[in-house]
Amino acid sequence: MKMLWALLKRDLVLSWRQGGGVGTAFGFFLTVIVLLPLGIGPDAGVLQRIAPGGLWIALLLSVLLSADQIYSTDYEDGSLELMTFGAVPLEVVSAIKSLAHWLTSGLPLAIAAPLLGFLLNLDTSLVFPLMGAMVLGSVGLSFLAGLGAAVTVGLRRGGLLVSLLVLPLYVPVLIFGISAGGAGTAGPDITAASFAILFAITLVILVVAPFGSGAALRAYMR
Amino acid sequence: MELSGHKLSCERGGRLVFSDLDFSIKAGEMLVLRGPNGAGKTSLLRVIAGLNEVSDGELRFDGGQDDEPIARYAQFIAHQDAFKPALTVEENLQFWSDFFGGGDVQLALEAFSLERLASFSAALLSAGQKRRLALGRLAMIDRPVWLLDEPTVGLDAASVKQLQTLMNRHLENHGIIIATTHIDLGIKGAKVFDFATMQTSGQMNGEDAG
Amino acid sequence: MARIEKFANPTRFLRLQEKVQPWLAAITALLFAVGLYYALAKAPADYQQGETVRIMFIHVPAAWGATMVYAFMALSSAIAVIFRHPLADLSAKAAAPIGAVFTFLALVTGALWGKPMWGTYWVWDARLTSFFVLFLLYLGYIAVWQAIDDYHRAAKIAAIVALVGAVNVPIIKFSVEWWNSLHQPSIMSSSGSSVHSSILIPLLIMVAAYSFLFLTLHLLAIRSELRKRKIHQLQLAQAQKV
Amino acid sequence: MKMLWALLKRDLVLSWRQGGGVGTAFGFFLTVIVLLPLGIGPDAGVLQRIAPGGLWIALLLSVLLSADQIYSTDYEDGSLELMTFGAVPLEVVSAIKSLAHWLTSGLPLAIAAPLLGFLLNLDTSLVFPLMGAMVLGSVGLSFLAGLGAAVTVGLRRGGLLVSLLVLPLYVPVLIFGISAGGAGTAGPDITAASFAILFAITLVILVVAPFGSGAALRAYMR
Amino acid sequence: MELSGHKLSCERGGRLVFSDLDFSIKAGEMLVLRGPNGAGKTSLLRVIAGLNEVSDGELRFDGGQDDEPIARYAQFIAHQDAFKPALTVEENLQFWSDFFGGGDVQLALEAFSLERLASFSAALLSAGQKRRLALGRLAMIDRPVWLLDEPTVGLDAASVKQLQTLMNRHLENHGIIIATTHIDLGIKGAKVFDFATMQTSGQMNGEDAG
């Protein structure tokens, strides 16, 4: 337990000290929110209509962008190799690291995003359902981002490749996340069902991603 | 406790680095790996640590539990130092101490006279100070097998002495050391495995074998 | 130049700052007391906007202040780059959080005002958009200082960021102005007399109050920054000696 | 001249060999284009309306994402330091590196994006104006991305900070790019004027960015 | 040609690394920098190269044009090798040769027996082979001042010999060498600057001053 806590603490401290962690993820998120109306035009009706989708996409990109940092420095400075000497299997290491990533970028953004929805004229009745769906969905996003980061850790231009690999995996989270957030014309039944499915998807990711990551990391160390 | 390899070979990137390599080392012994650049010294250490696969032959370790890899009994000092520039010297050591199940950070600091640098960020250290920080792990974490890849690189004379003391103590405590080097490590009674001849020769007297 | 040099010498600065600090704080408090009294109690409610017009006395000075502080920050950075003056970096660094808070304040009060006035908290109108981008520029600038440990390096990088941002501010303003517009036209340029003095005077007092608030906080921030660096250096020296 | 060509060639070769360069930028771009209808809903009218803006945003993010790789490996392996020993000033080095970045990510995407517009029901009459505006605008985007990368090169978690710093600079390019692309209700006069302004902005960037980058790189080497 | 420092001091991260440092070296001479870890050897090299600022004192170089920095006349071998793993050994050398205005890649390959590795990707090299690749630049690019930071680190005995040959030839051709080291570099007649005493002592005879 102490080992896991040490690992989590280290990642949290590092993300705090290096480039502000939460702060910059937040900044990026804000900026995507600014670009959307600039690109699409200021018409309040159109904006309101695309607000939930826009927020989800911004969340997704923010989480994704910070992903390739999950393992890269640990890989380059030999920390990952050294970790194979410890009692904690790499699968658990990667679960903890994804958790740290969620705590420093997924979770804060998932909470902030709906609140910032007013910038896109988000319907106020949607704020809390959206927040619930995003908090749940962002767990999956962070773990998938971790998987993508692990799969590309040994490649120098990992950043974009991560996107390419992970974005298709994000599609189900996005689709059910949006309908779980109560957007669109769906009734409460569909919303609840979507929420349940989102939950199931998240669980699957929580199981699959650490194993995939662990295996990928091990493969790169050979 | 005994660590031995029998007809080991290692392939990296599709090329055979070495083959038919035999070595054996017992508790309290040290094996020095020597040979020209690219001979496979680092590769051998990585094979023993389980970081590279054994492509042929057998690697045996008596003294641990059967199902656990050698890595669980070993410490590895590689060329990369595995430290975070954003953390202080002490925080860095504390992390590895916690991760490996405990160990006194103070011991690591004292072993290489790093006490006064404890609160410095690791980014500010000079090359040799970084190396000392990495070697500090040896003093702090208690494991029987030490795998050292050119441990003296960048160390000043005083630190080399401290390292020698540490290694001698480890051998007295029935530890095992395998180290690669191009210069003399100054440990009396160490066996030398030479990659030029692929033979373990008796003892080295602390003279530079060039 | 030589005069400024003397004046801005750190120890001299600290002594001076210590002397003027209580006075500045007192003037700030007084101006806010008077200004808020007039603004909230004395000034007439608008026949169109009702009581909500009082938000103006917080909003407008904050918005002006935010722009002015950015200009000040960019100027300090330019001085730092050109003359390498030791206090200029500090001055820019100390100004940023204050400017960011002013910006934030103007954004929040504006948004709150927008609900009764426009029926929505936010619209993507020219001024609002460019102001929002200004907020992002502040955040970026602050993030740079936060992200870099080494002081001199951080100062240089931050100066580049501030100066490039300064080039960008008019371009943004100009570009979004083209893009569309909804916000209130300028009080000052449209006509000095169109605004009644019962509003204009408290507004000006509030502007003065914000200015002194900035001055007070800015000098204080420079002071604590100087102290922090001193402590840092002492720690390093200590570590070196032992 | 030979030195500059050597530098350009090296960057092109590296981006080609490491993770596919063009390929992954392209992949990322595609995925954003796929996510947009998923997030926003399949209504053809809405999509057509937001198509130019969506394409611009996708272009912008793709260029941005690949930015932090412009200097990072050269910084970490000491190549940048070694370059200060040469006859080429760092300002020129950074101009060449930004140029390489444009050739490998900005330009190909600017050409491909309007062609992919059909995925978002882009009005076919807009394809070529959009392409022109994007090719011009992407030069500025790449150079700004280079500036952002230089300013954050020494920071481990630079990725997100780059976004925060650069996106505000992208705003003018985006706004004039969109109106130069002939979207919206603007007449041909405004389109031409926007094009001219976009050109002017690009020129400003071409001057400012290399100087800023050079100064920033030098600051990091101290 | 003469390179000298007068009352130099250097600050890094707000700390004074060294101060009042005097040294002077003429064409055909070599200065070896010695001292404990963290003394400031690397910092001095970087100051001379213009990679760190001189915070006080004066650095003089006679022999170049007035307005050009020393860096334009110098080669620098640092701990980082400045090579791209994605390029081959030859491509890497070719780039630096072009960037520095020409030089024969073949010379670099021969100087450290890297010919048969020429078409290998640099990622596949061992630690010592990487170092040899970096040192190869010395043979390829013609510049009078060499600044070497622990050049022998990781080299096997044969490569150290080759480096010595190269350095001796450079000195015969009236070059200047400033090198840091913790072990003997084996160049006869080199002056030694010791950071412990802050003095340049006469000559070193090729013995380990450890």
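Chains here go by letter, A, B, C, D and E, matching the order in which they are written, and residues are numbered from 1 within each.
Just so we're on the same page, a contact is a pair of C-beta atoms (placed from the backbone, for glycine too) under 8 Å apart; a residue touches a chain by one contact, two chains touch by 3 or more.
From a predicted model like this one, the values you see are computed outputs, not experimental measurements.
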item: Chain C to chain D, fewest steps along touching chains; value: 1
item: Chain at maximum distance from chain E, centres defined as averaged CA atoms; value: C
item: Of A-C and B-C, whichever chain pair has more C-beta contact pairs; value: A-C
item: Where chain B and chain E are represented by their mean Cα positions, the distance between them in whole Å; value: 29
item: Chain centre separation (chain A, chain C; CA means) in Å; value: 34
item: Whole-Å separation of chain centres (CA-atom averages), chain B against chain C; value: 56
item: Whole-Å gap separating chain D and chain E, where each centre is the average of the chain's CA atoms; value: 39
item: Multi-partner residues of chain C (each touching 2 or more other chains); value: 133, 136, 139-140, 143, 147, 149, 176, 179, 240
item: Residues of chain B whose C-beta touches two or more other chains; value: 79, 86
item: Chain A: positions in contact with at least two other chains; value: 18-20, 24, 27, 31, 34, 38, 73, 76, 156
item: All pairs of touching chains, each written as two labels joined by a dash; value: A-B, A-C, A-D, B-C, B-E, C-D, C-E, D-E
item: Touching residues (chain side chain B, partner chain E) in the complex; value: 12-13, 15, 35-38, 42, 79, 124-129, 131-132, 149-150, 153-159, 182-183, 210
item: Chain A contact footprint on chain C (complex, rising order); value: 111, 120-125, 129, 132-133, 136, 139-140, 143, 146-147, 176, 179-180
item: Contact set on chain E toward chain D in their complex; value: 49-53, 71-72, 74-76, 78-84, 86-87, 91, 94-96, 98-102
item: Interfacial residue positions of chain A with respect to chain C in the complex; value: 18-20, 23-24, 27, 30-31, 34, 37-38, 42, 44, 47, 118-119, 121
item: Partner chain C, residues of chain E touching it in the complex; value: 13-16
